[in-house]
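Across the two complexes that follow, chain A remains constant while its partner is chain B and subsequently chain C.
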Partner chain A sequence: MGPILGVTLKGIEAIPIDIEVEITGGLFVISVVGLPDAAVREARERVRAALRSNGIQLRGRIALNLAPADLPKVGSLLDLPMAVGLAMESGAVRVGETALFLGELAMDGRLRTTKGAVPAALLARKMEIPLFLPPGNAREVALVKGVKAFAPPDLKSLLAHLRGECRIPPVTESSAEMEDKVIEPDLADIKGQAAAKRALEIAAAGHHNLLLMGSPGSGKTLLARALRGILPPLSDEERLETLLVKSTLGIPAKPDRTRPYRVVHHTASAIALCGGGTTLRPGEISLAHRGVLFLDEFPEFHRDLLEALRQPLEDGIITVSRASGSVTYPARVLLVCACNPCPCGYWGDPVEPCRCSAHTLEKYRNRLSGPILDRIDLHVSVPRLTPEELVCLEGRQGPSSREIREKVTAARKIQQERWKAQGFGCNAEIPERLVRSGLCLSRKVRPFLMEAVRGLRLSGRGISRVLKVARTIADLRGDLEVSVEDVCEALAYRGGGNPIDGA
Partner chain B sequence: MDHLETGRLGEALAERFFRAKGWTILGRNIRVRGGEIDLVAMDGPELVLIEVRTRSIGKILPAEETVGPRKLKALVRSGRIYVDRCRWQGPWRIDLLGINLDEEGHPRFSHLPDITVGRVQV
Partner chain C sequence: MTEREAALLVLNACEGFHARHLEGWSRRGLLPEEVLEGGRACWKDLGFSEGCQEKLEGLREKQWGSKEAERSSRLGIRLVFWGTPDYPEAFLDLSRPPLVLYAKGVWPLPGRLDGVIGTRKCSPYGARMAREIASRLVQSQVGVVSGGALGIDGAAHAGAIEAGGATVAVLGTGVNLCYPPEHEKLFCQIQENGLLLSEFPLSSPARTWKFPQRNRLIAGLVNRLIVVEAPLKSGAIGTAKFAMESGKDVWAVPGRIDEWVCGGSNRLIWDGAQPLVDLDDLATLPVPAQGELFQEEGSPSSPILEALRVFGDQTVDILASQVKMGAAEVLAELSRLEAFGFVRRSLSGRWSAALGRKARSEDHSKR
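And now, the complex of A and B:
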């Protein structure tokens, strides 16, 4: 392997690319081989101009080989290693120690921010080599521990550094903290809806999926938004995972520990949601990894779109296979869905009569498939408030988002401590082999559960999900053992096969 | 002064111009199959083939703008034949020197180095 390495992205993974340069006599021409895409081929002009503005005049016939030759190279992030390779071959600089270079070049030699800095940083850490990257990417890479990274502002200072004429200071690691900002709307500002607020708390604490069902204007969307304010902060590992997905799309990293919150409109395509496309990019479900994926007006989504969510909801990863290859993206989301109970919206409302015919009602219900609803742990109805509640209730209602967040964070900490040895961090991820162990199902609870399963005709997955939710409820209380009451509450959140029938 | 005389004058001026820059002049008006190279010089380690264009006052286009894609292709073709013939192994390039003569016959030089960069697909 040569001393100059670049990277190309395959999914969220960075693959090292060896840059080989040959300069022979002849009329000036640069040819790039090794399956470059249009952006890599066009790098010739950027690289030539950037080197020229640093006083390096390229001459003769130049061949650039990007190895491995059969792997397609994508994007402008190979500009910098190509330029350094050419500078070395034309004798302007010597690179002794193997290093990883990443960045897009401006014509005058400045380094432009690119995508892929975090995967590259992980690769550099694994290979134990230094990484040179644009200053615009320094902030995200600073969050990766144990990387020797340098962020020169331009090619000139990079070359000076490699020549040993001056030293660029390495990027200093930073560990951002949770900003204690109030996210609107605050739970205390939402009138009534005590049951739904409790369900939000449980969902946030254990990363359980949630369905909010209610009439128009009852506050489903508002509640879903308020969930943002009570999510526990990302752990170091989780934050790295979210950074990784963002970095492959070139989305700048926020230096805090706020969980992702993605709202998807029901006109979204399957590729936008699940990832894919000609250049294989992660979808919304991967951007919401370790955070919330909110699907408002759930039944309006295309059926195949919802079915596509089934496998990632179960596995926490999504594998996108195309002719150009297959990649796996992380996809462990807290799914929040909101829907009306029927097309007119007033089915089950105590005041307003429902105007739907039996046929339209049936059609509407059929859009929500059993398998997807089975994967949602918490089914909550959000009733319309009475006139008294709407007008007369004044001031703050119940605990504020901050108080709930503290409670949720404490419960999440308990989970992380307990499951650390098993390699996961929250109750939603408990594997099958542990779900029926003493940690989730005590001897005392067994007979009660048996009775409940018989009465409610729960599926195998249903039992597992109920037990996971019950575990979270116990953790919110700070109790080691899951009680009958906890299981009881968890069962209450679990509708029948169709939540509408159960409402 | 007819156009041939103008051309010869221009080549003489060009030779002086490049000598003043410190280049070594290797030849003038070298005929190759299908064309002619006005001036051949060494710029440091690089062999330079120079196309000289001279124009007197009254023409609409300045001299350096009269080389189009067809002429450029012909220059590259002649250049290859020449470089091959003299067995030159190192890098080479094609420069353009435009000379515009004013009313009193004073030249104004405009030197465009490496005119094939980014233009000719090889």
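And now, the complex of A and C:
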């Protein structure tokens, strides 16, 4: 392996690319081999201009080989290693120890921000070699611990550094803390809907998927938005995972621990949601990794789209296979769905009559009772309050988002401690085999559950969902043991096997 | 005597109010005591008639509610209020459930009840049959329900008492009155082992419109209704219609077709009532189990359940503010009650008290 390495991205993984340069006599020409895409091929013009503006004149017949030769190279992030390789070959600089270079070049030699900095940093850390990258990417790489990174502003200072003329200071690690700001809307400002608020709290604490069902104007979307303000901060590990996905798309990272929150419209394509495309990019579900994926007007989504969500919801990863290869993206999301109880929206409303026919209701119900609902732990009805009821609740204010977030964060810590050995971060991730053994149920829970199962007609999957939620409720209380009360409350969020059942 | 109980007594005395009104008010966030205290502005807003408003005002000023309660306790009369666990579940299904029941005698009556009703001007054959049927019912551990009138009603009570069983007379007057006066002795006997029941305030006199209204209570209480002798136009036929509409079994004793008093009961048979052709059939023919009158196991005493019983469907928010509990506790309690069939939930996020536990176990067995 030569001393100069670049990277190309495969999914969220950076693959090292060896840059080999040969200059022979002849007419001036640069050829790039090793399956470069258009952006890589065009790099030669940028590289030539950037080198020239630093006083390095290229002459002769130049061949650039990007190894391994059979791997397609994508994007402009190979500009810098190619330039350094050429500079070394033409004798302008000597690179002693192997280093990773990353960045797009401007004609005058400045370094432009590129995507893929975080995967490259992880690769550099693994290979224990220094990384040179554009200053615009320094902020996200600073969040990766244990990597020796340098961010020269332009090619000139990089060459000076490599010659040992003047040292560039390494990028200092930063461990940004969550800015303690209140994210609008605050839960305290939402009137009523105590049940839904409680469900949000549980969802945030245990990362449980959530379904909000209610008439138009009942506040489903508002509640879903308020979830953002009570999510626990990302842990170091989790933040790195979200950074990785963002970095492969070149989305600038914010230096805080806010969880991602992605809203998807129902006209989205399967590729936009799950990832893919000709150049294989992560979809919304991966961008929402460790955060919230919100599907408003859930039944309007195309059936295929919802079916495509099934496997990632179960496994927490999504594998996209295309002719150009298959890549795996992380996809551990908190799915929040909102829907109306019927097509017209007023089914069961105390004021507005429902105008749906039995037939349309039946059709709607079939669309709702898909397998996705089976993977949603918390089902909550959001009643539309009558004006009188709103007046009745006047002056009663619930806890603020900040207070709830503190509770949620404490509960999440307990979970992380408990499941550390098994490698899970929250209760929603627990596999079936641990639901039976690892939840610390109180001795009274089992007989109560037997009775309840008979009365409520719960399925096997339903029971384990209820138990997982009960575990989170106990964690919110800070209790080691799941009590009957916890199970009782969890049962309230179970949702029927048939959602339209029972008036 | 709580404020609510006093309010219920006053509203009940104003005639024409029933539990469905309370449910409507509660949807507007009004408790019965608040309605009573609301005064004319509130009453007008709720659409009460002028006469009704006057009456309410009069009764309220006199503190009539608490006085009535005092009188009742002096007379040994038990008051059963809508929304309390004591309230007979059978009445929850009625379209106009009474707000208050005045009960004099042994409370509660255990087990099943069958109705034996008919005309006042019965034939001697009719009276004999009523007496016989009642005593057979008592022998097979079934209580008897009837009105308080002369004729078939009286004969039925007498038969039950003779056989040493319990019998319930549902009256169209106040329970402290004896109407007709001829039945003074009979009513005393009924109280010893059974019950006098009325929805009308103490000392309400007999009025013709009260009896048909009372009939719905009889139809609500019984598992099976047996019409002994009744002319075409009579209260008994009205009761039978109530019973049929609410899905109760109706039986009729066949009579001669040229006799006026049997016109209605014979017509019932034509309309699908079960003809009673052998007294032994009473015990042997199966009667579908229907809502038990008095809750045997007793539903759990829960403030949430009570609130739901009084005010119909509610959101968690309103419940939480009424019972002064947190949302999480309310939810936990609701699903515990739901697991045992005491409450139901709707998709629109409202909860209501289940009408009868039987309903669910029946549909359970169908599956």
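Following the convention adopted for this analysis, the second predicted complex is superposed on the first by the 482 of 503 C-alpha atoms of A that agree within 3 Å, B and C clash if a C-alpha of one lies under 4 Å from a C-alpha of the other, contacts with A are read in each partner's own complex, and residues count from 1 in each chain.
Here, a residue touches a chain if its C-beta (ideal position, glycine included) is under 8 Å from a C-beta of that chain, and two chains touch if they have at least 3 such contacts.
The structure displayed is predicted, hence computed values, not measured ones.
Visitor: Is it chain B or chain C that touches the larger share of residues in chain A?
Guide: Greater contact footprint in residues on chain A: C.
Visitor: Examine A:Arg396 and indicate which partner it touches, taking first as chain B and second as chain C; both and neither are also allowed.
Guide: Second partner only, chain C.
Visitor: Once the shared chain is lined up, is A:Leu249 touching chain B (first), chain C (second), both, or neither of them?
Guide: A:Leu249: touches no partner chain.
Visitor: Tell me the contact category for A:Trp347 with respect to chain B and chain C: first, second, both or neither.
Guide: Touch partner of A:Trp347: chain C, not chain B.
Visitor: Given the touch rule stated above, what does A:Leu27 touch, chain B (first), chain C (second), both, or neither?
Guide: After superposition on chain A, A:Leu27 lies in contact with chain B alone.
Visitor: So in the superposed three-chain picture, is A:Gly60 touching just chain B, just chain C, both, or none of them (first/second/both/neither)?
Guide: So A:Gly60 only meets chain B here.
Visitor: In the overlay, answer first, second, both or neither for which of chain B and chain C A:Arg198 touches.
Guide: Once the two structures are laid over each other on A, A:Arg198 reaches chain C alone.
Visitor: Looking at A:Ala492 after the superposition, I want to know if it touches chain B, chain C, both of them or none. Which is it: first, second, both, neither?
Guide: After superposing on A, A:Ala492 lies in contact with chain C but is clear of chain B.
Visitor: Jot down the residues of chain A that show up as touching in both complexes, chain B in one and chain C in the other.
Guide: In chain A, nothing is touched by chain B and also by chain C.
Visitor: For a test of understanding, state which residues of chain A touch chain B in their complex under the given definition.
Guide: Those in contact with chain B are residues 25-29, 45, 48, 59-61.
Visitor: Once bound in the complex, which stretches of chain C touch chain A?
Guide: Chain C reaches chain A through residues 27-30, 313, 315-318, 320-321, 326-336, 338-341, 344-350, 360.
Visitor: Considering only the defined contacts, which chain B positions touch chain A in the complex?
Guide: Per the touch definition, chain B meets chain A at residues 45-46, 76, 79-80, 83, 88-94, 114, 116-118, 120, 122.
Visitor: Can you list the residues on chain A that touch chain C in the complex?
Guide: On the chain A side, the touching residues are 192-195, 197-198, 213-215, 218, 341, 347-350, 380-386, 388-389, 391-393, 396, 451-452, 455-456, 473, 485-486, 488-494, 499-500, 502-503.
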